[in-house]
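Chain lettering (A, B, C, D, E and F) follows the sequence in which the chains are written, and residue indices restart at 1 in each chain.
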Amino acid sequence: MLNMHELGVVYRNIARTDASLADPLGDLGVATVHEALGRAGLMQPYMRPVYPGARAAGSAVTVLLHPGDNWMLHVAAEQIRPGDVVVAAVTSPCTDGYFGDLLATSFKARGARGLVIDAGARDVRALAAMPFPVWSKAISAKGTVKATLGSVNVPVVCAGALVNPGDLVVADDDGVVVVPAALAARTLEAARAREANEAAKRTRLAAGVLGLDMYAMREPLQKAGLRYVD
Amino acid sequence: MLNMHELGVVYRNIARTDASLADPLGDLGVATVHEALGRAGLMQPYMRPVYPGARAAGSAVTVLLHPGDNWMLHVAAEQIRPGDVVVAAVTSPCTDGYFGDLLATSFKARGARGLVIDAGARDVRALAAMPFPVWSKAISAKGTVKATLGSVNVPVVCAGALVNPGDLVVADDDGVVVVPAALAARTLEAARAREANEAAKRTRLAAGVLGLDMYAMREPLQKAGLRYVD
Amino acid sequence: MLNMHELGVVYRNIARTDASLADPLGDLGVATVHEALGRAGLMQPYMRPVYPGARAAGSAVTVLLHPGDNWMLHVAAEQIRPGDVVVAAVTSPCTDGYFGDLLATSFKARGARGLVIDAGARDVRALAAMPFPVWSKAISAKGTVKATLGSVNVPVVCAGALVNPGDLVVADDDGVVVVPAALAARTLEAARAREANEAAKRTRLAAGVLGLDMYAMREPLQKAGLRYVD
Amino acid sequence: MLNMHELGVVYRNIARTDASLADPLGDLGVATVHEALGRAGLMQPYMRPVYPGARAAGSAVTVLLHPGDNWMLHVAAEQIRPGDVVVAAVTSPCTDGYFGDLLATSFKARGARGLVIDAGARDVRALAAMPFPVWSKAISAKGTVKATLGSVNVPVVCAGALVNPGDLVVADDDGVVVVPAALAARTLEAARAREANEAAKRTRLAAGVLGLDMYAMREPLQKAGLRYVD
Amino acid sequence: MLNMHELGVVYRNIARTDASLADPLGDLGVATVHEALGRAGLMQPYMRPVYPGARAAGSAVTVLLHPGDNWMLHVAAEQIRPGDVVVAAVTSPCTDGYFGDLLATSFKARGARGLVIDAGARDVRALAAMPFPVWSKAISAKGTVKATLGSVNVPVVCAGALVNPGDLVVADDDGVVVVPAALAARTLEAARAREANEAAKRTRLAAGVLGLDMYAMREPLQKAGLRYVD
Amino acid sequence: MLNMHELGVVYRNIARTDASLADPLGDLGVATVHEALGRAGLMQPYMRPVYPGARAAGSAVTVLLHPGDNWMLHVAAEQIRPGDVVVAAVTSPCTDGYFGDLLATSFKARGARGLVIDAGARDVRALAAMPFPVWSKAISAKGTVKATLGSVNVPVVCAGALVNPGDLVVADDDGVVVVPAALAARTLEAARAREANEAAKRTRLAAGVLGLDMYAMREPLQKAGLRYVD
């Protein structure tokens, strides 16, 4: 049962999304996956990769943090399995640098594919060199303390999106989208169909065909009252 | 006559800025053009290129959009002529991803040199690969609907700047500036003079001459009361 | 005596931080230096380099500017000595482009290593080509006037951090940190110790050792009441 | 089962929170309820009442809206029962004025106690005169269209908080907090205990007793290393 | 001819909007006028009255200011005629307190009905006591200099809206809307019709009639695919 | 000696500003005091009173807090003497509600005149009822922990202004200004002179005299090149 209000607990057994879905959804990219999901699950656009070209897709290990306190990221590290993406929410807005090269080294050694954090990260140069992709709302060298319990693998709201542990997270230059585990397979199917469809459209548009004609928009536009003036 | 209050209309015949002015003004760059224009026409600094190094200059095809609705971008595509830059305003603040690789393919096929949009864009990786330069206030994978009429080629306020259809738009890493069509020729002249003047200044400054001396600032500073303390 | 309330004055003789400390602290980087200093002196995270990979470290020449007025940057140029970093504060929030390639040419000729400005900069392409590193809160082509006196080498608050003239400033991809001159030597010592310590930790973490074990966190977590649920 | 990804659906039968809990929780106020709930369920602090002194508590009827489109608020009106508070989320950030005096008249006639909307409202003067309390992130006269389907009574994320239909919403000058229906009774109990406890504390503090002594903080502060310097 | 790029000029003869239109449009309020105008001319919602209940309507005397410099407000005072509203734009974003009780005393003595400024104001207590209504984006005690020429009665973009001198400005608790002089009479007519229409609607809604029925929305909702689930 | 980098320390003996200066400076108000001080010491304009009409003036007891942790406010309470204003800074941006009616009761019992906090406050209704004036950057019901040491009576940067313990703080509807203790007497003198001067100006302006004439601006405007066009 969904309980977002529990602090001080670590759920060790979570139902991860079928791993074979992560790579193809990651390749299709955030914009296509978001469309295929019915335009849902997108985090706010202030979430940006800390270096250009970052990409990641995997099952969410969720973390709930307190402002200025990264203790639970260390607790979360133990729960990471290869292919996971860690998703960290904070109980109130904070830009501190919760995550740097040491934690990234640990997360990477555990098999994590990336971190999505609704707060700040640091050691950008090192993260890019490893590489270990991070999406955050800020870059900040400000360190954090280790004093207060949060939770691991509870549902969290991260940058406006609900993330349940085990959901599939896809992140790239366009942002971060969350696919509920139960919808991942059909989302992949829909995304592939969309992609196939788009390839054909792209060819026609590149040849100069107008969207007005390709999408048969002229009639609905006329009905809506669009006037052309010469 | 200027009418910013018309919805549901597409003006097909607009007076474009002389095409021969676009490339040299684009080469001179936004900062120099903005100065040459008398420090006017600059969009707010939140407008940023979606990939580094983007540059574009051309006549404005303007679009007025509703929040979350990109229908009129398809209508605008038909009005694009080679050398144009599309400038899109929204009737109220919105960060949605109105524009991605399909529309970019279409715009490029029509000869557009870029898009300036006071909202969001997506498919950043694809836009950089084409390349098709876009300046926006956000990057967002959030899709839009096609339900409500806006207008094409009416005057718009985009990121704080008034843009009339046919105005010359110059955009690069420093932002976006709008040159009224009637002022483009004299702005080019002024920009070239400024640039020539700056080259000489640059040489002197590089040799260690101080701006205090080169610009004869010491006397006005003294008159203004500047004190030096050892 | 500290006096932040003086306008129209230039202090010519300031006690710079020992130059031999700048390079090693710059190499250690902002995050490590900020930790070594006891987590103090960090500027707000909105301060970002205008091009990726920028790095600088040196003694602060401080400037107090008025909104939209860069006159004092020309006055400051004369006070620059090789190895300095100019730190510019504004009396109220402003995003104008106070600084571009001409001033950068002059500052570089005088030996400056970079500029930190709580306002805007322009000519980003040229700054990256020189290269001359700048950290700012905005990129804007908007020019400034030269009409009102500020001060040079008075204490300033820049992006939330107090900077006294002669303090050591370290800046990189993670932001900007200010080290009081009197603390620079011991900060370098502490930073080196921290770095040495981190190298060993990094190796262990890369081998899969958990921070939980390496930092002996399991007991304090248990005492704090952390529960594990299977 | 939780499904946040459904568009175009209206759930008519929702399990509302026991109505007898709303008034006492509303009287206790947002800050106390938030504490009693374990410091969870709070919306972001940008949510502000459109007039001072506004207060409301009731079961949530949720609405999912598109940017610039208030069609579903009319659909939601039919689902309101006396004692409800409508909670409206938007699929992407928008400040438009979705709600004014006509909808307020309708909502009030249906028995609604207030509206919480992660967007804009208008007709502030009329809302204050009725009175009909509204919490929003903006005040804007900008009207909306009625063109695209959202949903009613699906789970939504509103201003960073997950709201399930039927959850108890408490709002006042301090913001908005969401109490899951299943936790409402025990939250009331905890809030009352807290309040009783606070009354005694308030008396002691008013008499000059220090929190340091009342909460027995001196020893833990000393253990943490706090030093006093005369 | 429209020229937004002129600095250092004061246009003394402007065509004001018929004064008899100001009061009735002001009484109808910003939201109704904005709708009657076709949902155009609204300033960004960050423009707020400095005290609650402020209202004003009148012909625009426009001012273009530089950041941190209020010189032209003194120049503008001479151009005020009874019934005017001063609208002040700034060449780049600034929050300084350009306007306080002395200028308000002068503006009021000249017959001004209010000030709309895309920057800061101060002396809020005095402004409320006079009363002299001001809409601004900030409240700031920070003073300004008088050093650089702007212009009076040139077209300006203020908070995202184009304002030509003589346009009718209506401002209240819901924000600020600009009605082009040529459209003011027909806007009043449309606003009155809308208001009359709304009174009847308000009565029906207050009696419990649903907007779904009153606006005949059930059929289009059904066609759009809305499903009801019990 | 100034040391902003000390954590875990409470300075008990601070040199307060002469108490007889606080009331008259408070009566003169923030805008006048800020001018009299040479336009220095003003906090950023995001600092707002939590209820309208709040006013306070007194010697600063400073507090340095960690994000989400209000432990040191309890420590600070003991250091308050009648007439003090507590000024709280946070080591990184935070909007949490650090302060509510219990702490306000304690602070008031100790003789504090108000709180200035670069973070959030809560229990707005109770604070207004007491009354106990608070200036903050947010209102938030989000509670804080008591886990990490900060400091009391060290110099802090609060909302962009340097505050030394014992400085005089003046706050009202226009914001917050900090007067260094050593400058308080002469600032009062200057503020009174300014106020006396303004009364005469106000009378003349109210009689319709223009600032252009009263301040003799016509000649400098003409010299600067101002043109009038009929």
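Going forward, a residue touches a chain if its C-beta (ideal position, glycine included) is under 8 Å from a C-beta of that chain, and two chains touch if they have at least 3 such contacts.
Keep in mind that this is a model prediction, so the values were computed, not measured.
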- Item | Selected interface, C-F versus D-E, where C-beta contact pairs are more numerous | D-E
- Query: Can we say the copies chain B and chain C touch using the same residue numbers, with more than half in common, or are the two sides different?
  - Reply: different
- Query: What is the distance, in whole Å, between the centres of chain A and chain C, each centre taken as the mean of its C-alpha atoms?
  - Reply: 31
- chain B and chain F, separation of their C-alpha mean positions in angstrom: 41
- Message: Counting only residues that touch at least two other chains, what does the list for chain E look like?
- Response: 39, 42, 91-93, 95, 140, 142, 148
- Item | Chains grouped in pairs wherever the two touch, ordered by label | A-B, A-C, A-D, A-F, B-C, B-D, B-E, C-E, C-F, D-E, D-F, E-F
- Item | chain A partner contacts - residues on chain D that touch it in the complex | 2, 4-7, 37-42, 44, 91-93, 155, 157, 160-162, 180, 183
- Of chain F, residues touching chain D in the complex: 8-13, 51, 71, 74-75, 77-78, 95, 97, 100-103, 105-106, 108-110, 120, 122-125, 138-143, 146, 148-149
- Query: In their complex, what parts of chain A are in touch with chain F?
  - Reply: 66-69, 91-96, 140, 142, 145, 147-148
- How about chain D: which of its residues touch chain F in the complex? 29-31, 34-35, 39, 42, 45, 48, 52-53, 172-175, 177, 198, 201-202, 205-212, 215, 217, 221, 224-230
